[in-house]
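Okay, so subunit A shows up in both of these, paired with subunit B first and subunit C after.
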Partner chain A sequence: MIQKVPWALIVFVAALFVPVAGSRYYTFLANDMIIWALFATSLNLLVGYTGLVSFGHAAYFGIGAYATGILMKKAGVSFLLAFPAAGVVAALFALVFGFFCVRLTRIYFAMLTLAFAQIVWAICFKWNEVTGGEQGMPEIPYPSFEWVERVAPWLPFVGGYKTSEYFYFLTLLLVAACLWLLRRVVGSPFGRMLTTIRENPERAEFIGVNVRRYELAAFVVAGIFAGLSGGLFGIFNRGVFPDFAYWTKSSEVLIMTLLGGMGTFFGPGIGALVLILLNQQIVSYTQYWPLVLGTVLVVLLFGFPGGIAGALGALSGRLLRRARGA
Partner chain B sequence: MPDLSFVFAQSISGLTAAMFLFLIASGLSLIFGVLRVLNFAHGTFYMLGAYSAYQIVQWLGTGPVNFWIAALGAALTVALLGGIVERFLFQRLYGKEELYQLLFTYALVLILGDVAKIIWGTQQKSISRPPGLTGAVSIFGATIPYYNLFIILLGPAIALGFWFALQRTRVGRFIRAAALDRETLGALGVNVNALYTGVFVLASFLGGLGGALITPMRAIVPGMDTEVIVEAFVVVVIGGLGSFWGTFLGALIYGQVLSFGILFFPRFSIFSIFALMAAVLIIRPWGLLGRPLK
Partner chain C sequence: MLEVRDLVKIFGGFVAVGGVSFDAPRGSIGAIIGPNGAGKTTLFNLITGHLRPDRGRVTLNGRDVTGVAPHDLCRLGVGRSFQRTNIFPRLTVFENVQAAFVSHRGRGWNFVTPVERLYHAETRGLLESIGLADRAGEVAGFLSHGGQKQLELGLALALEPEILLLDEPTAGMSASETREAIRLIAEIARERGLTLLFTEHDMEVVFSIAERITVLHQGRVIADGPPDDVRRDEAVRRVYLGEHH
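This part shows the complex of A and B:
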């Protein structure tokens, strides 16, 4: 019964009303959450569905952010081209790096992804002419929303928002579309095959599946969506910095994925939402956010390895059984 | 072309950096070799070693041997902490997925990093060089501080001692056996859990010692943990994870590439290190002296 409710649609519609109902700050917060939700969901395709623990997923986030940022700021390219470019460039890097990574298994895979991510970080950190080096690239322009104002008089509910709010709507639509695509990928025969590989790579090999090729494809798809989320984040953040590709970012997004629940489609998104809300609550009380985050992580690892989605699933299962028994 | 004394000075500074990195990376490599875990918290143990040494020097004041007492005390403190963490928390994660183990070590980075901030603040701290090693000597026209010479001698000494212990002692044989096949070793009646705790304690000791000994040369600041773990990671990846002499070689290469990289391509020295790591990973993913693992 609970499964029948179109939760995704309800959340999407509710999110549309954030700029009207909430303050400017809540719009900002919601925007942050939405972008991270996409980033975490893209990682989950690897970690949760394919069983590949990437410790360098921030690389593709950073690459996407730089691709969009450089195109929009330095080349003056429109968002219409600069946004897909984030996905394309991230895909190219993911293809090259992934080619080497999928040849290794388990912990070695994790370390090679980390190593490549550090290389990306080092390039972003040092290549002043292109990436702005250590200082990063501030003042990435917003996409132009003039056309919206022009068509606004003919449409209901459109027009009269601030640029940051228009960008929020744009992010919401794009992320929703990306999540829908990812959902299709996960449900497709290709996605099912990834799960088979996660469960038993040897058996998948026996039945004639080219495991490496599937893993590489998953790596590239995950890279594309991480890149797209990075492209959005650079604009949202009003700047792109080498930090985006640093290894601690990779672990942050892994924590979100774990917190929400790996292997469930919307789990990582929930994890992103909860972690950002928690962060926003905590930093107003104390500067020791890492301490809190680390403690949350330890509790998760030892107490709730299934994350929020896992715990909720177990709870609702128990309630259902009790309801039927009564 | 820079003159020879400058080149010599540069190579000595690279060698000093290499010996520090070896101290730290050998612990990381040891844990990986035996436990098959990339321990992100190893950099944090290094930082805690530095802060502990600072604290002990504060308590003792300056005296002829106080620095050495502080360094040893700091390393032992960190070793104890490592043992407690392994025994009561980490050991519960051995049967689980690698992701959980990796993230647990990252949780330690977050928690202990903030605890250090709470105790010692964010102001940078420093310790002066131990009396007796404050001077410098002139070799080939280059001025080399005694302390650097001491580190350059200490590194190989520890390496040799370590290698001897691994090759010739009973525990060393167990450690090498555990790296190859832990189930069989357990079946032969060796207490593998105790061995793991021992390995963790030893690795933490090395990390803490590295941190304590670097204090006369580098400032103690928050953030030195995440910085050094990346360096140590590069060293073990180049040399070969779990390979003892590989770590030594990796540290030597890292030190020289960094110090001469700064000389010839000042802007791309960090990049040259990572490029080297990438090349090694692509050609020999198991490192220069490592063994391919299935």
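This part shows the complex of A and C:
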């Protein structure tokens, strides 16, 4: 059975070998993908599972990036604290912004999330003393990895790697853990309640679901994981900049979610992978990358409304049936 | 058990419900009838908290529940089904009913337990009693219209209500489906000792099971009593005959 193959485990193990097998460039690319995969999956908790389309999810990505960045660079706090802080700070903002957003529905909800994200962006852009303003905050330090070589040189994959490669391993482990947690949330009773809201909010109310409160909780959980991905991204990017919270980032992550398929858990992650790969490949051939992207999206939305993951699922289903029939 | 007193709802000058009062005693089966636009659905929405009345009071077991939000009201023992079929279309039949159990029993804030494990026996049992046990794995949106109506009844029953409000439970059903559905509803109501209040178009259905009929016309009650009295009522005859001539 295709469904029984532990795809997530296979991808995880394969990803472990990227620094060994590939060049530094591929490690860099893979690191980028992994972080965006978490960002897109966090958005999908809202879009795919709760039926709330947020146009401002980059706000929490940016907030997380600044939280970790400021703590590590300006306060010299260890990554061990600065990373979870990204989630905590993003959660607080998501709680406040979400409180207002979930009072609106559909397009009004989307516009308000966008408005809050633009406010976050504007503050990051102007508040020179704290955020570095327009110039952003370059040179966020990597977490220290010396202790790993000192304490546990016997671990696999330890020894002889560059700091950026250690950071890749760290990212991979943390994102895998976050995705595992998100998966638990999605499959929990809480996740099922979110699905009933997506399917039919009016009816959900009348099986006793406090729709607004659940939507707010989903908003906060999505914010936490967006914040964590932002925290990682700031370090990976060697700097935090106001455009992390800009609307183009929100639309980028929304495109990944749609491209990969919001109907499945791993769809948005696949979307992140494919979009970044396409971007890298096509940009080297043509400067009209947005045109190509637009075309791909149009084809996908009309031809495969379930996204890449949806199309793959349908294909594997058909192959299975054919195999059985033969 | 349910008392409605002098409910008024005005939509921009149009009096949708203009001072309606009636009682639904415990264990009774009551029907609300009236021509199209008489205010039946609005009245239901006022009782179940979807709309806030401009005036008047709804009490449930002596407790004032006027304007209580739907998600709170259904914890107080009010179950409801809707005129337009109202289910969770892309979940399976089983998942639909299971979700209702999870929500009603306050397990919705659990973030870690896999939901599959919860309320299996309860869900199976309920599907059995509404006649959908063999369709449990099907996607709810693919059920026939009658099947979806049955499922909706299941969602309402999962809340273990004391009183069940059904808005046109047989809307869009064929004659045979209607008979079957009504038999099922009456049977379940009797078994569980439910108070039943429903609106209905089909007069045959109404007079076959209702113990008490409230007739609405232009937002007001024009008759209220046992079927035989209502059948003989002058005002009711005028409204219904007037509609057909």
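Throughout what follows, the second predicted complex is superposed on the first by the 320 of 326 C-alpha atoms of A that agree within 3 Å, B and C clash if a C-alpha of one lies under 4 Å from a C-alpha of the other, contacts with A are read in each partner's own complex, and residues count from 1 in each chain.
Throughout what follows, a contact is a pair of C-beta atoms (placed from the backbone, for glycine too) under 8 Å apart; a residue touches a chain by one contact, two chains touch by 3 or more.
This structure is a prediction, so every number in the text was calculated from the model and none was measured.
With both structures placed on the common chain, the touch criterion links A:Lys74 to neither subunit B nor subunit C. Once the two complexes are overlaid on the shared chain, A:Arg192 sits against subunit C while remaining clear of subunit B. Contact with subunit B, but none with subunit C, is seen for A:Gly294 once the two complexes are overlaid on the shared chain. Using the contact criterion defined above for the overlaid structures, shared-chain residue A:Trp247 touches subunit B, although it does not reach subunit C. Touch criterion met: A:Asn200 reaches subunit C, while subunit B stays clear of it. Set against each other, subunit B and subunit C differ in how many residues of subunit A they touch, and the higher count belongs to B. Those residues of subunit A lying in contact with subunit C across their complex are 184-185, 187-193, 195-196, 199-200, 202-211, 214, 217. Here subunit B touches subunit A in the complex through residues 36-38, 40, 89, 92-93, 96-100, 102-104, 106-111, 113-115, 117-118, 226, 230, 233-234, 237, 241, 267-268, 270-271, 273-275, 277-278, 281-282, 285-286, 293-294, going by the rule given at the top. The residues of subunit A lying in touch with subunit B in their complex are 47, 53, 55, 100, 103-108, 110-112, 114-116, 118-119, 122-123, 125-126, 128, 247-248, 251, 254-255, 258, 288, 290-291, 293-295, 297-298, 301-302, 305.
Remark: subunit C residues 48, 50, 69-71, 74-75, 80, 82, 86-91, 95, 98-100, 102-104, 107-116, 118, 155-156, 158-159 touch subunit A in the complex.
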